[in-house]
Amino acid sequence: MDNKHDILTLLRSVAEGATSPEEALLNLKEVPFEDLDYAKIDYHRSIRQGASEVIYGEGKTPEQIKGIVTAMGERGCRNILVTRIGQEAADILCGAVPAEYHPLPKLAVAFPEEREHRGSIVVATGGTSDMPVAEEAALTAETLGNNVTRLYDVGVAGLHRLLSNLDPIMSARCIVAVAGMEGALASVIGGLADCPVIAVPTSVGYGASFGGLSALLSMLNSCASGCSVVNIDNGFGAGYLASMINQMEGL
Amino acid sequence: MDNKHDILTLLRSVAEGATSPEEALLNLKEVPFEDLDYAKIDYHRSIRQGASEVIYGEGKTPEQIKGIVTAMGERGCRNILVTRIGQEAADILCGAVPAEYHPLPKLAVAFPEEREHRGSIVVATGGTSDMPVAEEAALTAETLGNNVTRLYDVGVAGLHRLLSNLDPIMSARCIVAVAGMEGALASVIGGLADCPVIAVPTSVGYGASFGGLSALLSMLNSCASGCSVVNIDNGFGAGYLASMINQMEGL
Amino acid sequence: MDNKHDILTLLRSVAEGATSPEEALLNLKEVPFEDLDYAKIDYHRSIRQGASEVIYGEGKTPEQIKGIVTAMGERGCRNILVTRIGQEAADILCGAVPAEYHPLPKLAVAFPEEREHRGSIVVATGGTSDMPVAEEAALTAETLGNNVTRLYDVGVAGLHRLLSNLDPIMSARCIVAVAGMEGALASVIGGLADCPVIAVPTSVGYGASFGGLSALLSMLNSCASGCSVVNIDNGFGAGYLASMINQMEGL
Amino acid sequence: MDNKHDILTLLRSVAEGATSPEEALLNLKEVPFEDLDYAKIDYHRSIRQGASEVIYGEGKTPEQIKGIVTAMGERGCRNILVTRIGQEAADILCGAVPAEYHPLPKLAVAFPEEREHRGSIVVATGGTSDMPVAEEAALTAETLGNNVTRLYDVGVAGLHRLLSNLDPIMSARCIVAVAGMEGALASVIGGLADCPVIAVPTSVGYGASFGGLSALLSMLNSCASGCSVVNIDNGFGAGYLASMINQMEGL
Amino acid sequence: MDNKHDILTLLRSVAEGATSPEEALLNLKEVPFEDLDYAKIDYHRSIRQGASEVIYGEGKTPEQIKGIVTAMGERGCRNILVTRIGQEAADILCGAVPAEYHPLPKLAVAFPEEREHRGSIVVATGGTSDMPVAEEAALTAETLGNNVTRLYDVGVAGLHRLLSNLDPIMSARCIVAVAGMEGALASVIGGLADCPVIAVPTSVGYGASFGGLSALLSMLNSCASGCSVVNIDNGFGAGYLASMINQMEGL
Amino acid sequence: MDNKHDILTLLRSVAEGATSPEEALLNLKEVPFEDLDYAKIDYHRSIRQGASEVIYGEGKTPEQIKGIVTAMGERGCRNILVTRIGQEAADILCGAVPAEYHPLPKLAVAFPEEREHRGSIVVATGGTSDMPVAEEAALTAETLGNNVTRLYDVGVAGLHRLLSNLDPIMSARCIVAVAGMEGALASVIGGLADCPVIAVPTSVGYGASFGGLSALLSMLNSCASGCSVVNIDNGFGAGYLASMINQMEGL
Amino acid sequence: MDNKHDILTLLRSVAEGATSPEEALLNLKEVPFEDLDYAKIDYHRSIRQGASEVIYGEGKTPEQIKGIVTAMGERGCRNILVTRIGQEAADILCGAVPAEYHPLPKLAVAFPEEREHRGSIVVATGGTSDMPVAEEAALTAETLGNNVTRLYDVGVAGLHRLLSNLDPIMSARCIVAVAGMEGALASVIGGLADCPVIAVPTSVGYGASFGGLSALLSMLNSCASGCSVVNIDNGFGAGYLASMINQMEGL
Amino acid sequence: MDNKHDILTLLRSVAEGATSPEEALLNLKEVPFEDLDYAKIDYHRSIRQGASEVIYGEGKTPEQIKGIVTAMGERGCRNILVTRIGQEAADILCGAVPAEYHPLPKLAVAFPEEREHRGSIVVATGGTSDMPVAEEAALTAETLGNNVTRLYDVGVAGLHRLLSNLDPIMSARCIVAVAGMEGALASVIGGLADCPVIAVPTSVGYGASFGGLSALLSMLNSCASGCSVVNIDNGFGAGYLASMINQMEGL
């Protein structure tokens, strides 16, 4: 109900007598989400944006996840992303509704439905160990209808591996750079590419990586223009934003 | 013995010869608590305040908890709160004394007794995962005799969920705002409400949430007046303070 | 316009034809504040709460402060608090409008007006150096119409200084405990008093006090029930919250 | 020389005998920048992107800045942005070349030239004190040819100020959310808007804001999808990225 | 061989021809410890000080611990302290040599031998959960021949529990104050007592206690004179130092 | 009034009718300090311990310092230490009362009086730059009546400088080890000496010394037994504690 | 392909018509590594440097490690180092290819081949618990063809243990100093030795060692010249760099 | 006196009666340094290594610096490096002894003397602002007799600037990589070069660079082999170590 047009429409309906003030107030309060007691499902965004719905699985019981997904499916939602969902919860979910599970990034897509893939997003990683986070980003972007090119293990300590892949980098509309340890990948890609670069620090590493802090700070300090950063290990956030940018309409 | 009236009474009793100086000193030392060797139970506060007794379960063995609760029950204590008590210890406790156990917030109420619920406290959370901490706050407040309204999963990223619940927020005497991650809930509620807001950062989150540090700092920096903060995950502390405020007598 | 009654009233006015939908939307957007370009003055709260207005002076030019205060004064605001305002800006302000300036806490009260002082708030400090923050709290509370008792330099390293002042502590409705360094004052007072204790860590200290971090963490970890914490050096926030609590109506 | 087409062209020229291998290597090394000894000016990006050139002024002497700008101007660069340049250095610069100086964000535009402004970027701030950073973002975006709407002092502690400005927020192609202290503005805007949100934490605040750390962590932990973060006080980076996104061509 | 008298004696022996220079050098290098390959046992200190030997068990295999203790026992060492040794390693040790194991502080005393207990050390804790660290301190001090009085669960949130135990505090020659959370115990005891106070922060707590950091900083910032601090959870270090101080000879 | 004997005496006086209960309570509250409004001077400790009085100068105005010292002098206090007092305040102080000022450690001794120096304390520093903190420790100890040997610039990077001074180290009753940067001095001295070692980290250094944090952590982690740590730059605290230990009576 | 000579050779081949531009570009991209999808094996360095290949095992599955090693072995690589490989993965590896496994440092050498050992590297540790990291350094250096002398458990708290081993220290060409806790070993060795010292902080310790942070900061702040630091627990990095330095050719 | 040969020689002299034991002990204590009271000048290293002497100027008065340098010059020292010396102290120094002052790195060379420059060290920086630290490294290395190539402003955000300078990088014997902000320069150079790389983080930057912490962590986490790190802004340490490595004799 936070949209000017919705408010105007509702007010006009009141002005025309079609809606009583009390109903309007009620309306204002009950439309946009469904209350499952333990969660308030928001159908607002999907209607407005035509996007997939997303459920953050961590901290929710398998039963809660199943409940939310089922309620969404009944409302007609498709390609529902469930992130950070363990094998056990995924088994319960896949037993209850049609769903695909990707164990590496611990991500499920419920009520999957083919959709057109458009544009061009690159997801690059510094090392092999960054793949779970990168796959969360890549699968998120693919589920949201984007073409994704994966460039894994192209860290800056072996620069030629990255330089040998300049083609996709130079032609991407958005790049997700995933790296732990020193996180220099984002800076180097940011200096090469002409498009927005979304940096994802990962908690991969040991010692003075301090759970991703080193990569996070490094990426925030990147001297390359056009870079921005999401939370440590937040592959979903990067994939979602990359999709937004890739699917921008022209001016 | 830290109360002026108690000291005066004792001194008068000495002056009247009813108590010898040596007894008075002894008295000064032995009255206010019972020494179980591993714990010094304090009956002082409950007598003074009519409140429930509280035991912090973490770091205590099931046997120690049972011992303390039993000793308290024999002294006549009722509605004894035991926080941070695991299932195993709860089973031992419930086998020994009358007690209700709430597994989500890991909280037990021993020697439960009905009491009148008064006033109006709101406990709100940013997400579903904050519920264990929120329930610790809500059950603490209820056990201490307060009416509690729960508003769960009303985080600021979906503002209409919060705005649709303005009624209880505007009419509360005290609000407990429980949130992890960016902790913005406290600021937004603090800006809307006219009553004291107690912010509880939670350790829910990952990456740069750093175990609740992010929410903690965010809440401490809240620009909204009337907000204060308790320790990360300290649902009990928030519930206890909310009860104090809710039950304030008028000037 | 975030109040249910306001919304209902507006909707009813639309339903009755007294207000057109377009006007209602406009109304929704323009009433609650005055836009000075560099600041959006909010008259909403003062009307709703009868409270004083507050301006955070830091980061505002003397001219901006004068502009905001003058606009408020013209609207009829009285006892306008300006916090963190330096001597130079205060001189400009006091030259333009009636105002009292307190240099120790760098706080001004513009358009001062006598008001009744009620209830009982104690403001205590660990040391002499905590006085600027304590005075910000105390003057804020006094300006908001509360009786304030000051207990300065009663830190726990000389416990008898605190114990000799048990009378005001035991009879307060709310206590503000201001301390830097180890911040133990809040815990000790919290253990003695029966009322809410608001802890204010200060940046007083050196070395491992890390600009108030030590006192902040200490206070957050206080084992005493009924304590909560505001930002480092946030005397205003503590005074404002103390006033809210002190002036609670009875159930 | 990091572009596939450039390399292919160069190699073809070698294959055709038009360029000797030694010249090619030389070419590879000397084209893309001009070496001023203390700085290596990069003309590569401007040719490739048609963008303005940018000079980070901090840590450079007024003479160095003047030297770099003059060299660029002679090469034909226009609308050269100089960020973090103090009044003194700006005076020297403006005395040497045509330039406009904005003292609040300490930003200069040298060899200014009118250009078409396109699309729609919103720059919002939590408070008045965030304006220097916000203006750095806004002026950067304007210099790069974007329409910019400023929404200043719309922090979440007074939510109606933000809600009254939903129109520009709902119609923006990209939003820059600038806030210090608790940094909740980004989350709330991220939950309302349908476009990418670039969060800029500021060092505005005191105590537990720890020089912008609080806002930074808060923004990184934002639960709203579509948000990403740049360095503390990095208005330029946000404005540059917002321009990139705003000017995306359609698929 | 770092003792002036030893060096002089050796040099005199060389001067007298009783020792050749080559032997002296050898002597200088091989006397003071026994090399077990994985450990260099130092008999120097025990001979010099008449103290017990100490082995830090963490990070050593049960076999290594057994080997070191056996070698020491064969050299005639008695009352050998083994700290941070788990139940399993303790079982192996107790099967091989005469030894007493204390599971709470995970401490063993091998080749135990009665010794006179002298002087007066107080070991106090803020809560029940601090007992493992406190017992490490107390048992270390007792093994080193000191009288120890235990005052457990006397945290400052219930000040009368501490004030009721002023006798041992006022008559101690050295006090070990063990506390987690806010660590205020050291300050309060330091303000009451006339003897050196050794503060031991513990990792007991949650949230913003950050593994003992809160108590550590609090104790370092103690305003009470005569306090010093050892590492978090370092009960042994505190007990050892307390013994040194308690057994000081008079001037 | 925190001493058992005082309490007993007072109670006996009440029992004998020599003191009324009301007077006793008053007595309990007013004896131990003098209230200067901005400071509560504590005469308790000096009477009990025969020690010098100490005033922490930082954060106090020159007038406040002069006021406190004068009041103390009138009560008969001698050798009053004023720490962290700048040149300007010292000039004012020295103009008002007899006092010696030491500009390097910014320390003054007011109403100086010769006293016997006893025992043996060593104050050692890692470098020349640590001298201000070391002098604060040394002068404090000397003022409190101890013999002090200074060993400056004996840092471990030139080990022979330290080894050439083994005599005073081996014969000291207590050693204060003052060092910034890596703070290894405390460990090395702790391994050599047989007496308690008080480590004082200093804020001397740059970069990753983080204002003394590096030395502080290093000293807390010292593997040498008998070491404890005081706050960064707290020369006074170390000197005071060293005096306590040096002047211990024999068992 | 990042080597001038390689580029020149390739360009000459194009100029001579032996290589087409398209092939050259292809060449530029495909030569230097083999793409196993999950990893890009880099044969470049081994050819250029004659060094062993290294695989960082952590975060790779046993199957991935086996795959990479097998592919390398087939290419003729020998003495392939696999670091941070657990027992289970090592069993799989040793079952598939000839390999030696060292469980303490969790390090395997695949396709082992005798090679000459040259020069002189010392690896020293502060304590027994630092051995896993030290062995990673020592075995790395030995596998790369260096003579290694181990000096374990020579921490500075027992200085004579270190001073008794001055011979190897004074004659080393490079020293690796491995220590946790206070990390003073590097400073002391750095002050004694005339050769480069590589400091390796370890995560050994507890409390305020904060996972190696204390040793790391201490080593970075070392006052001894010729010291540098690698990541916490990075024995491999230290051993590799020590080998580089030990095997330097003369000028 | 920490050298085996010195000790043997001394002991033989005692054995031959040429030295008395008491003289030997004295000898042991007085030879290696000159005691200026505020500093202990160590001539040991220069004799042993033929290196220049170094004085760390920060925290020393101009008079102390002049005193130390003069004493050294009288002893015959040449090319004495004084680091971190301000203009004022440099003026005093240059007025007293022959000396060259470099204001950018605040470094002086006293009693300068031509010496042969050998080998090849590269000093590279990420940006123009890193030059003061880089010059400290470069001048230190030059003063110690090394050839130095400067590559300034070759940060990774414009990779071609670095790639155009591969010649000196590939032929260096040691590289010093100086960078602030994200510090990625060390990783990229480390991946390209075959020689040891010494990384120097600088405090250049703002916001989340946290005074060089970001670059420091980034460099410690570098995935490139052969890299090690010195303290933030420690150009001298890097130059000194680079000289050690560059001047290694062959095996």
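Annotations for the structure displayed:
Each chain gets a letter, A, B, C, D, E, F, G and H, in the order it is written, and its residues are counted from 1.
Please note the rule applied: a residue touches a chain if its C-beta (ideal position, glycine included) is under 8 Å from a C-beta of that chain, and two chains touch if they have at least 3 such contacts.
The structure displayed is predicted, hence computed values, not measured ones.
When the interfaces C-E and E-G are ranked by C-beta pairs in contact, the top one is C-E.
By residue number, over half of the contacts seen at E-F repeat in one listed pair from B-D, A-D or F-H, namely A-D. A separation of 53 Å divides the Cα centre of chain D from that of chain F.
Separation between the centroids of chain B and chain H, computed from CA atoms only, is 58 Å. In chain C, the residues that touch at least two other chains are 2, 4, 28, 127, 158-159, 163, 192, 207-209, 213, 216, 220-221, 225, 231-232.
Looking at the complex, you find that chain G touches chain F at residues 126-127, 155-159, 180-184, 187-188, 190-192, 205, 207-210, 213-215, 217-225. Every residue of chain E that touches chain B in the complex is listed here, in rising order: 127-129, 131, 152-154, 158-161, 163-165, 204, 206-210. The touching residues of chain F, counted against chain C in their complex, run 1-2, 28-30, 32-33, 37-40, 42, 44, 56, 58-60, 64, 201, 203, 211-213, 216, 231-234.
Looking at the complex, you find that chain F touches chain E at residues 2-4, 48-49, 54, 118-119, 163, 166-167, 170, 173, 192, 194-196, 198, 216, 220-221, 225-232, 237-238, 240-241, 244-251.
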